[in-house]
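As structure tokens, here come the structures.
One chain, chain A, appears in both complexes that follow, with chain B as partner in the first and chain C in the second.
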Partner chain A sequence: MSITPVSRARADSSTRRPPSLDSILRSALVGLFVILMLVFILGPLLWLGVRAFAGNWTFPNLLPDDWTLRWWQVVFNDGALGIAVQNSLFFAPLTVLVSAVICLPAAYAFARFDFPGRRFFLISLFATNAFPKMGLFVTLAALFYALNLMNTVLGILVVHVLGTVVFMTWIPAAAFAAVPRNLEEAARDAGASKLRVFASVTLPMALPGIIVAAVMSFLASFDEAQGTYLVGAPDFMTMPTQMYSLVLNYPTQVAAVFSILLAIPSVALMLSAHKHILGGQLAEGFQIK
Partner chain B sequence: MTSTLHKPAERQQTVPPARARRPKRLGQRGVGFFMALPPILLIALFVGFPIVLAFGFSIGLNGGLNRTIATIGQNVHESDAWWGTLAAYEEMFSNQRFLGDLLVTITVTLVSTITVLFLALGIGLYLKLKGGRMARLLSGLAIVPLFIPVVIASWAILTFYSGTGFLRSVFAIVGLDFPVWAFTMVAVIIGSVWTSLPFAVLMVSSGLQSVPNAMIEAARDAGAGSLRTIVSVIIPMAAVPIIIATTFTAIGIVGSFTVPYFTGPNSPNMLGVDMSNYFSSFNQPQQSAVMAFTVFVIASGIAALYVWANFRSAKEQGKV
Partner chain C sequence: MTLHEPVTEPSAATTNNAIAASGCGLNIRGLHKILGGRTIIDNLDLSVNEGELVSLLGPSGCGKTTTLRMIAGFLQPDSGSIEVEGQEVSHLGAENRPSAMVFQNYALWPHMTVAKNVGFPLKLRKVSKTEIKDRVEAVLELVSLLHHKDSKPARISGGEQQRVALARALVQEPKLLLLDEPLSNLDAKLRVKVREDIRKIQQELGITTVIVTHDQEEAMSMSDRIAVMNAGRIEQYSTPEALYARPETEFVATFIGSMNRVEGSLIDGLIGAGSGILGIRPEDVILADSPFAGAVPATVERVVPRGHFQEVYVRRADTQLRSFVSGELVQPGQQKYAGIRKAMTFRDGRLVAEAGAAL
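And now, the complex of A and B:
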């Protein structure tokens, strides 16, 4: 924990005196803000979560009249939903793999080599983010029609990988750049080969950044809905694209169950990498150097 | 959620001196160039090229690879001249529906971005200046949306603020009538703020944390009040991450689709949604392309700010 609040020393001296009206008012305001944020952030999620187990629910009661697991059965017995889960679990790891093969060498190059066009390359990667995703998919459609990529696995894969390029390049590049040169040089002086130095010094030290990039890419693919819908529907439905039709065609409780299922991988992956994400790996990656 | 936002791993001492020290061999530069090439080629082929192609389509150059989509689409303007025609743009910019969408898009982007920035600054400053359990709770809370797929978030927000949603229920119990926010722009703004908050909070707090405490103490010793310290010392020193957070938030919102699609009204809605309507439902791809380029012009204006901020930070660290 590297946080050292500036005011701690001052706070210590002031605690001996009885709290003033001003400070009471201030903590009341902070408390109110925290409560508002709790409702704002967690409220919708809890409200949705309860719905997955709800039978009848009378307005304006804050809890359902009765509880049921019926909706879970509906989801598990529905073939189309199962296929969507399968498709999602097929595309997401494949996307991460393809994206890593394409982008990680580039990330290393951005961090370690100075070559003509380096800065231009880094910024042009940003173009994927600056151009509105929906607009991009609309423009992609013309090309996909011409190349016969509509409704194909390859087409969807391209869409998914495009959404991960920035993560897979920028974040690992920052991580590679943060590995101290003198450590690598020391290993070289000790007689290790270039490959050995990379495998046992550079890579392990940059691994947290690579993991964050992989997690973000997995989730980007797992959550990608607009492009997949445009390119793949109705032949290839993934979990998020299935959500679009679920919300329209099924009872809200079914969509709630499906939401929980869809959120499980995200939450699990994020929790496993949250230390690195909050540790600044993500924030580091977004500053072009 | 008691996670902490750490200081970014000692940013200052990363690359520059070592890089300058070593004499550069020509071979190494070549290797670097070719290693960096694959993602660039991917983007050139599937982002750059389609954008050029679509721009041609939007000005009525319907030959070549645009032939298929021009044949499928309806209400397609075609140019006789090689330099194209602005007919599709003229059509859209005199279309009330499009102009309404444009206004809504700009409004939502402005309001949401400013809200996100204030929340992120508030949480980041509280974490920096006060610390403690409450601050960590707040920052942890603000990160939660990162864990939730946007599709689910949008839908959860829609039900929360719907006619039978939580807020209406609570108010109804007390006997008051709360407005229905579902399918209004209010819900779109709430959803945009909700989904954009984590990235902004991560960026801004990481920037604020790297402001040296000694500077803050010095400002206070010189007699500056809290507000003065924040406005003239802390925020200017963390300006670059703050600008990055702002630009990414704004770009994300201006082109967003899922949040307005789920939570917004049918019309007017944000351009991302109507772009997809024109493309799929109305089968007017050219009009859709015009919308895409309108959003792109706005987004690239914001992106220019981002690039400028990064160059400034690179300059400050003596790398350019």
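And now, the complex of A and C:
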């Protein structure tokens, strides 16, 4: 009984003690770091957002002289820009579909079977990301010229799918591997054929991981610039490749508007899928052995 | 490997009238499996009558789970035949076999509700929706889980999950029910209740059942017959009573129940030098305060309280023995007289003689 008052006194004293110089300094430094990060990361984005609606903006004013929606009209009325948006929205879903068809069976094989060269193949998928993109695409262009794939839809599709292979294989492979084998066995015992087991048990349980991979692949395709420029320009312009000419030929406001448009799907998809990404699917995805 | 027939003793026959049934629920002949260079299952024969509940009992690594998985179809034997109610099934895939399995950790599909879990096998068989609903509700009623039919597996307790797994197996109306260590994930008190429930349902429905377990108490309390396995072979296949009273091998004697294992032979109530191994059940070591025929002075070394009886370790001139004593409490250090009522002699692992003295 005599212990309680002492411990209560101790607890009280620790909350009433003034913060030490050491902890003040530490919080100040942390605060400064956070502010710096915000400035560097959010700063350009804020500038972009303001620029898109700016009329006349003379230095060194912090805000534009007048606001306007004129540049948005320019973008929406321009035929070429409209086509670029259409193309982007055409290639991205198609890339996800083609990538899924090619990579998901491979992902399942990596997850469930052990075959000679498995580790080698798994790691070699990173090869496309290991090399500088422009170097890779220049070599690819040489191949495409030989195969008559330059300036074709198929050529651009190949370039886009290449960028999604790592996402569409590693993350679903980890998702498939995470489905306990005895759940699949229970389904077989209940009378399901191997295909039915995949459709009713494995796929639904791996779906969160597959969706994350699909979102990452969509974004990778949507933002793919260099390879598409090399292979597609000038016949097939997507939003990222169109950005190059925009920056050269139009006032910065138009580029700012287009940047925002380009960012919208990314942000929207990230927001809607963030629950799964934060939930560790992405990190888990790169944990496959 | 010889075919093990049930022990033909009068006690065995009278206790199992229900088993003297017509058909053969499961018949395994010459089952053989080599994995990683080791012989896991060594030419195994097993015959289970229709409606009988048989346990495969043995320590880890004896091959009981491997046998069960071969019966279920998840593993292909190297040779041998498996017949369920006369139909050869060893060439069939797991999905086409007339058996249903309850997995050790239940294997319920987390993205489906209890009702959908139980109804899935029927859905696969293209049964009509109304019939699925009726049959699912009937079997959930049988395991007392109707109130949970729309819950997800994550929301119900371990014992309830196990009942769902059982319901999912029973709804298929299988010819053979397989259970893989069904009670190992449950706590002690729940185990006793659940094993009685399983036994009751099994007898009500009359389904041929094979249970794999390492817990001899579980096997003894549920089974019509037990196949005690060791190193890929069945050492003895008898009723629980016969296994306890007349173990055919040293392994069975020490695995089932408790046993005092002493090297030597019994002469005039004293253990002396000998080539065999003596097995003496603790309840056959009689302790008394005053001498009696065949008794030898003994000092109580250690006492383990077990509730309704005591485990008493006594040291005699020849050896230390464990005894089960009920009644008046015994204290360490006391002087008693200990006599051996019955002893089994094993040579080369097999039972060769039983010696008893009327005390």
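Heads up, the rule we're going with is that the second predicted complex is superposed on the first by the 267 of 289 C-alpha atoms of A that agree within 3 Å, B and C clash if a C-alpha of one lies under 4 Å from a C-alpha of the other, contacts with A are read in each partner's own complex, and residues count from 1 in each chain.
Throughout what follows, a residue touches a chain if its C-beta (ideal position, glycine included) is under 8 Å from a C-beta of that chain, and two chains touch if they have at least 3 such contacts.
Just so it is clear, the structure is predicted and the values come from calculations on it, not from any experiment.
Student: Pick one for A:Val247: touches chain B only (first), chain C only (second), both, or neither.
Tutor: First partner only, chain B.
Student: Scan A:Ala80 for contacts with chain B and chain C and give back first, second, both or neither.
Tutor: After superposing on A, A:Ala80 lies clear of both chain B and chain C.
Student: In the superposed model, which partner reaches more residues of chain A, chain B or chain C?
Tutor: B
Student: Considering only touches as defined above, state whether A:Asp189 meets chain B (first), chain C (second), both or neither.
Tutor: Second partner only, chain C.
Student: Let me test your reading of the model: by the given contact rule, A:Phe59 touches which partner, first (chain B), second (chain C), both or neither?
Tutor: First partner only, chain B.
Student: Find the residues of chain A that appear in the contact set with chain B and again in the contact set with chain C.
Tutor: 180, 182
Student: Where on chain A is chain C touching in the complex?
Tutor: Against chain C, the touching part of chain A is residues 180, 182-183, 185-193, 196, 200-201, 204-205.
Student: Touching residues of chain A toward chain B in the complex: what are they?
Tutor: Checking each residue of chain A against chain B gives 1-8, 30, 33-34, 37-38, 40-45, 47-48, 51, 57, 59-62, 102-103, 105-106, 108-118, 121, 123-136, 138-143, 145-146, 158, 161-162, 165, 168-169, 177-178, 180-182, 219, 222-223, 225-226, 230, 240, 243-244, 247, 252, 255, 259, 262-263, 266-267, 270-271, 274-275, 277-284, 286-289.
Student: Looking at the complex, which residues from chain C come into contact with chain A?
Tutor: Interface residues on the chain C side: 72-74, 93-97, 99-101, 103-105, 107-111, 120-121, 124-125, 168, 172.
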